[in-house]
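In the two complexes below, subunit A is the common chain; its partner is subunit B in one and subunit C in the other.
Let's look at the complex of A and B:
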């Protein structure tokens, strides 16, 4: 292979395959650069940054939606972009639409609450779009480099967003804690990544899975040799898990979450609890399925990675890299018990399941004594992240036996995320509007809200009941489907998880209903003047909160999209 | 057994193992620094040590001279290191700005002073 043909194949891979599917990210990049440069131009200061950011986000959303309607997802295959760095499949497509729809709603909220209408509006919108760009990379990551890059690109702007309101002691403290914990977790994660890449000789997830299969861990363990390799792999996996657990705010790496949510403005809380969690869960899926499952036919990925391998060959002149894996004999992938990747899957499932149980229980128990509503919702976020991780554990446990059931488990997770968007965005929007009206975020100050703002109180009640997961509202369906997948997965561990999930739903009842009781039954205090919300605020709350009721009564449409998005994922 | 490994390291020509030992040492120093320092700048230095330890690993695993077998990371390792260097700089810039903001509000960059929010 000479240099010309190399460059040709690289160019065609980049221009014809990758860039058309990368339009969303490019639009976000373009908007960020344009927003930063427009201030330099003459008269550029008078262009409202909100309009620019909104236009960019809507263009990106339009590019993320499939041209031929959502049904086109049914026959969307798996395609590797940029020589295997990113992957475009239905999961990417679904989550990109999810993230950008959230960002559009979030930008409107930030504008309505006045978080971004000062002269630092440009900075705020740049940071939000930058973090979204990082999350888009996270959901499509297929290489250890893009995993790390995505995590950092999503985290670094989030640190600044937490401290975006200057001159507030608590805000600066929250930003400092978030940045320090985040930097530490990212460092440990990178060290784990370097160990994994070093032992397996590749950083491309499917190639790593091939290498893992070629290592034949079950055979090695049975023969009692190769213990050190397995130990290094386990250590690397655990260290990488630290970074993921930090992004998911899973116990034992949840310390930052309540502090950051309490110190940051409520709008940022919505951003971190919905978008950041969704991207982190997608990354968990990518890692779990990338390393724990080999697709039946590795041929397409071979074609995609060849340029990268060939370039390394030319530059280092004799070292072949990533395509060696494909020359090794294809391991038996019949999904039987002696699947060479089953120990990897078991390790992942046990780890995720235990962390999920602990996060869920801890989050729900710690939410009891909270007096600040944002802090209570932070613990509720930890609990919900735990619940969603249970779905990931079930899906990875199922993939070895039955691809169809694994897809159902993932579709339950996607449905959960979509419903969760409306619930949490609604809750944080109400908190932000009430903060503007009454300058308080304490639960006790919400007393008598049903009299002063009946509409808001009713919507908040609806959202809280939906967060518990009670039947007439949307939060019920995803919980039911996650429990169903856990039951399908079977086995002692999954049944334990199932019982824990059921009990947690009961535990969570009390603290959500306490807020409802304060709002609807307690008499209003004399010192607090009753808040009034403007027309636009009430309208926004209605738009975001009504889907919770609508999807509760007729969840078929969203469930159908989630099913479509997972139909031929594997 | 431990003595044997160390003796081997001293007598063998320089290979991946030597680099990994150095990076493991740096990683440990970095984690200790993060855990014990009370000053934000000290903690950030610990983070830099950890990131650079990982970079050493990646370079060593990717080098064709140290690890002349099919299992090498190749250029991927060096590319990842380049990205890590840039990301570390970006992260340090943001963390220092946040530390400055904290200093403006608290007149100190001692992490123990960050105790108003009880995590």
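Let's look at the complex of A and C:
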């Protein structure tokens, strides 16, 4: 392979394969650059930045939507982009639509609450779109470098967004805390990445999986050799886990979460708890499945991986041969107990399952004592992240046995994310509107809300009950699906997770219901002026919160989309 | 879309209150009385709809003497999850449905003293009615679960906003207890779902499960083939699960259909696999479900939410709680626990019976010790619902009795009758307590007395209803209690003697309460001047209850004719199952020394 043919294949890969599927991200980039440039131009200050950002987001969303209707996802295969740095499959497609729909709703919210006023507008919207761009990279990452890149691209704007309201001590403190914590986690993660890439000779996830399979860890362990290699791999995995856990705000790397949520404006809380969490979960799926599962037929992606191997990898020569050698082998033994990747999966599943149980339980228990509604919701976010991680654990545990069931588990997760969007965006939107109206975010100041803003109180009640996971509200269905997947995964560990998940539903009841009680049962306080919300605020709350009820009664459509998005994943 | 289709009629019955609640929420501000009248009208319409089943020959009616499910319909709700909108009525659910609609009218009538946030109250009350009716009618396990949970939130608010001084504590306790129970139920549902397999049922069983509909003159096999060739989504999945000619492609087809699960529990070994601690799937499912339902019944030791909830709830909500909500626990046990998990029920029959008897005794003693009038009535509910658990659990169709199911039938019929009778008498007792509480604003048993002189009509009705609760012959409480106690005799002498002697305790606390409240020379408490005679509205609520208490006591057949065929059918099926099970067990067990005669014959 000489240089010209290499460049040729690189060009055709970039121009013909990758760029057309990269339209969403390009649209976001274009919008960001345009928004920054407009300010420099004469008269550019008078262009409302909201309009620019909104246009850009809608174009990006339009590009992310499948041209031929959602059903086209059923035939969408796995396609590696940019020489294997990114991957485009139904998961990418679904989550991109998810992220951009959220961003569109979020921009409207930010405009309505006045978070992005005229002077700050450009900065704010640039940061939001930039973070979204990073999240889009995260959900399609197929290479340890893009994973790191995506995490950083999403995190750095988030640090600034947390402190976007200038001159508030708590806000600045939260931003600083977040930045320092994030930097630490990123450093550890980078170290982990270098360990993994160093041992496996590649940072391209499918190649790493082949290398892992070639290492034959079960055989080595049985023979009593290779302990140090396994140790280094485990250490690298754990260190990468630190970075992921930080983004997921999973215990024990959750400490930033309550402080940041309390310090940051409520709108940013919605952004962090929905978009950022979704991207982090996607990343967890990418890592878990990328390293823990070898597709039975990797041939289609071979052509795309070769240039990547030539450019960014250390040891290229033997990869194709090892791939071919393992292709037949894995096809026959995949799913059996001596699958060479089963230790990787077990390691991943045990780690994720334990972290998930602890996060879920801790988040729910810690939420009890909170007096600030944003802080309470921060802990609720931690608990829900734990719940969602359970689905990932179940999916990875199932993939070795039955691909179909693993896809169902992932579909449960996607359903969870979609419903969670409405619940958390709704909750934080209500908090933001009420903050503007009554300048308080303490739970006790919501007393008597049912009198002054009945609609808002009812919607908030609905959202909170949905967060508990009670039918007939939407929050119930994803929980049910996750429990189903856990049951399907079986085994003592998964049953423990199942019981923990079930019990957590009961634990979480009390603190969500306490807010409901304050709003609906407690008499209004004398000192607090009863808040009034404008027409647009109420309309926005309705638009975001009503799906919680509608999807609760008719979850069919969302569930179908989630199913479609996972049907051909593997 | 006409009313003679079950799907329209039953849906209307269930969802009319919810729709009315939505309309109430959107109406402009009206007077409080207007909201109450609208809600009352809605509950009356729903009651009339439920009475419509009595019209013989109408498009949708309830035929007397038919044991099978009637007015069944079955459509997809969430096909992705395999959940159906599947409802029907049989002799077990029908009386409870009518009881629910009837008590809803009376409870709405009893809601006139509610003055706070009337619109919210009416909305929640109507939502509650939808939930209750849905639970009794749904035959898809998931639909059942959803309705079960739908009730929680309205109930929480009804207790928490309109209740007494400790209302918030009582409301959250009620919510938490029920939620823990329903989480356990959810886990059991998942266990059963993932081990179920529709393809294992034969044609007749599919017909019994309401999946295949037999047209006149066709055999079940033919009907199944017609169904398979039809375009229903389930039939398609069924074909898929069969996997065509290739046996390796065969996959189980899971289902939430309660009737199908019953067939699987009784005719297949799908739920017999061991899972945990050497126990089978159905053993664990039974235990989890039973705990969930026992919380609702409530049985000792899971009853502690009930006195708090009842005492703090406003009078109409106490009536609903005692009259309908407790019955859901009993209904769940008879509809779900036993038919789906017969083996576990058989093994644990003595445990269930003991729980029933302990509840009876404990509830009676606790009622004796109360000084709060309403708390005493609440504990009497614990005691009376113990009869229900005991009657359902008396698995007397054993080898010793030659698989004679007569006594067991008597027990289950008695338990069902006790549910209806207790629905009438406990709602009446709570209403009577509420009437006097509205006047004097206290419930201290030691500060009453002499009410007979001041409110003669009220006192006569109250004493009558309390006697119905006591189980006086000729009133509704007697039939159920005597059936249950008689049926236990064949099962266990010890439990029979204890349960029979509880009647003495019951008489003790009821008579003592009557003596302290209604008899005596003078009223000893505060607000004596408020003791005015019973109003017309109150009379209109108390009289139908008293009337039914007498009718059900004198002519029990008016209820039994509806419920008995279905109950007998289910018990017969379970008795037949017991025989098959025992034969299978003895056939597989190697002969040993203890096997008495058989072994003795073989010995030379």
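Note that in this section the second predicted complex is superposed on the first by the 544 of 570 C-alpha atoms of A that agree within 3 Å, B and C clash if a C-alpha of one lies under 4 Å from a C-alpha of the other, contacts with A are read in each partner's own complex, and residues count from 1 in each chain.
Assume a residue touches a chain if its C-beta (ideal position, glycine included) is under 8 Å from a C-beta of that chain, and two chains touch if they have at least 3 such contacts.
Only a predicted model underlies this, so the values are computations on that prediction, with no experimental measurement involved.
Colleague: Should the pairing of subunit B and subunit C on subunit A count as a clash or a fit in the superposition?
Modeller: With subunit A as the common anchor, subunit B and subunit C both fit in the superposed model.
Colleague: Does subunit B (first) or subunit C (second) touch A:509, or do both, or does neither?
Modeller: second
Colleague: For A:180 in the superposed arrangement: first (subunit B), second (subunit C), both or neither?
Modeller: So A:180 only meets subunit B here.
Colleague: With both complexes superposed on chain A, which partner does A:256 reach: first (subunit B), second (subunit C), both or neither?
Modeller: A:256: touches subunit B, not subunit C.
Colleague: When the two structures are overlaid on chain A, which partner does A:487 contact: first (subunit B), second (subunit C), both, or neither?
Modeller: After superposition on chain A, A:487 lies in contact with subunit C alone.
Colleague: Centred on subunit A, what angle do subunit B and subunit C make, from Cα centres, as a multiple of 10°?
Modeller: Spelled out: centre of subunit A as vertex, angle of 140 degrees.
Colleague: Determine, under the contact definition given at the top, whether A:53 touches first (subunit B), second (subunit C), both, or neither.
Modeller: neither
Colleague: On the superposed three-chain arrangement, identify whether subunit B or subunit C touches more subunit A residues.
Modeller: The partner that reaches more residues of subunit A in the superposed model: B.
Colleague: Identify the partner contact of A:170: answer first if only subunit B is touched, second if only subunit C is, both if each is, neither if none is.
Modeller: It touches subunit B, and subunit C stays clear.
Colleague: Which partner chains sit in contact with A:131 here, subunit B, subunit C, both or neither? Use first/second/both/neither.
Modeller: Neither subunit B nor subunit C is touched by A:131.
Colleague: Determine the nearest approach in Å between the Cα atoms of subunit B and those of subunit C after overlaying the two structures.
Modeller: It comes out at 28 Å between the closest C-alpha atoms.
Colleague: Indicate the residue numbers of subunit A shared between its subunit B interface and its subunit C interface, in ascending order.
Modeller: On subunit A, the subunit B and subunit C contacts do not overlap at all.
Colleague: What part of subunit C is in contact with subunit A in the complex they form?
Modeller: 78-81, 120, 145-146, 149-150, 152-153, 156-157, 160-161, 168, 172, 175-176, 179-180, 183-184, 186-187, 190-191, 193-194, 276
Colleague: Contact residues on subunit B for subunit A in the complex?
Modeller: Touch residues, subunit B against subunit A: 16, 20, 23, 27, 30-31, 34, 40, 43-44, 46-47, 50-51, 53-55, 57-58, 60-61, 64, 68, 70-77, 79-80, 83-84, 87, 90-91, 94-95, 97-99, 101-102, 104-106, 111, 114, 116-119.
Colleague: Touching residues of subunit A toward subunit B in the complex: what are they?
Modeller: These residues of subunit A touch subunit B: 144-145, 148-149, 152, 156, 159-160, 163, 166-170, 172-177, 179-180, 183-184, 186-188, 190-191, 193-195, 197-198, 200-204, 255-256, 258-259, 262-263, 308, 311-312, 315-316, 318-322, 324.
Colleague: Going by the contact rule at the top, pick out the subunit A residues touching subunit C in the complex.
Modeller: 450, 465, 470-472, 476-477, 480-481, 483-484, 487-488, 495, 498-499, 502-503, 505-506, 509-510, 513, 517, 520-521, 554-556, 559-560, 563
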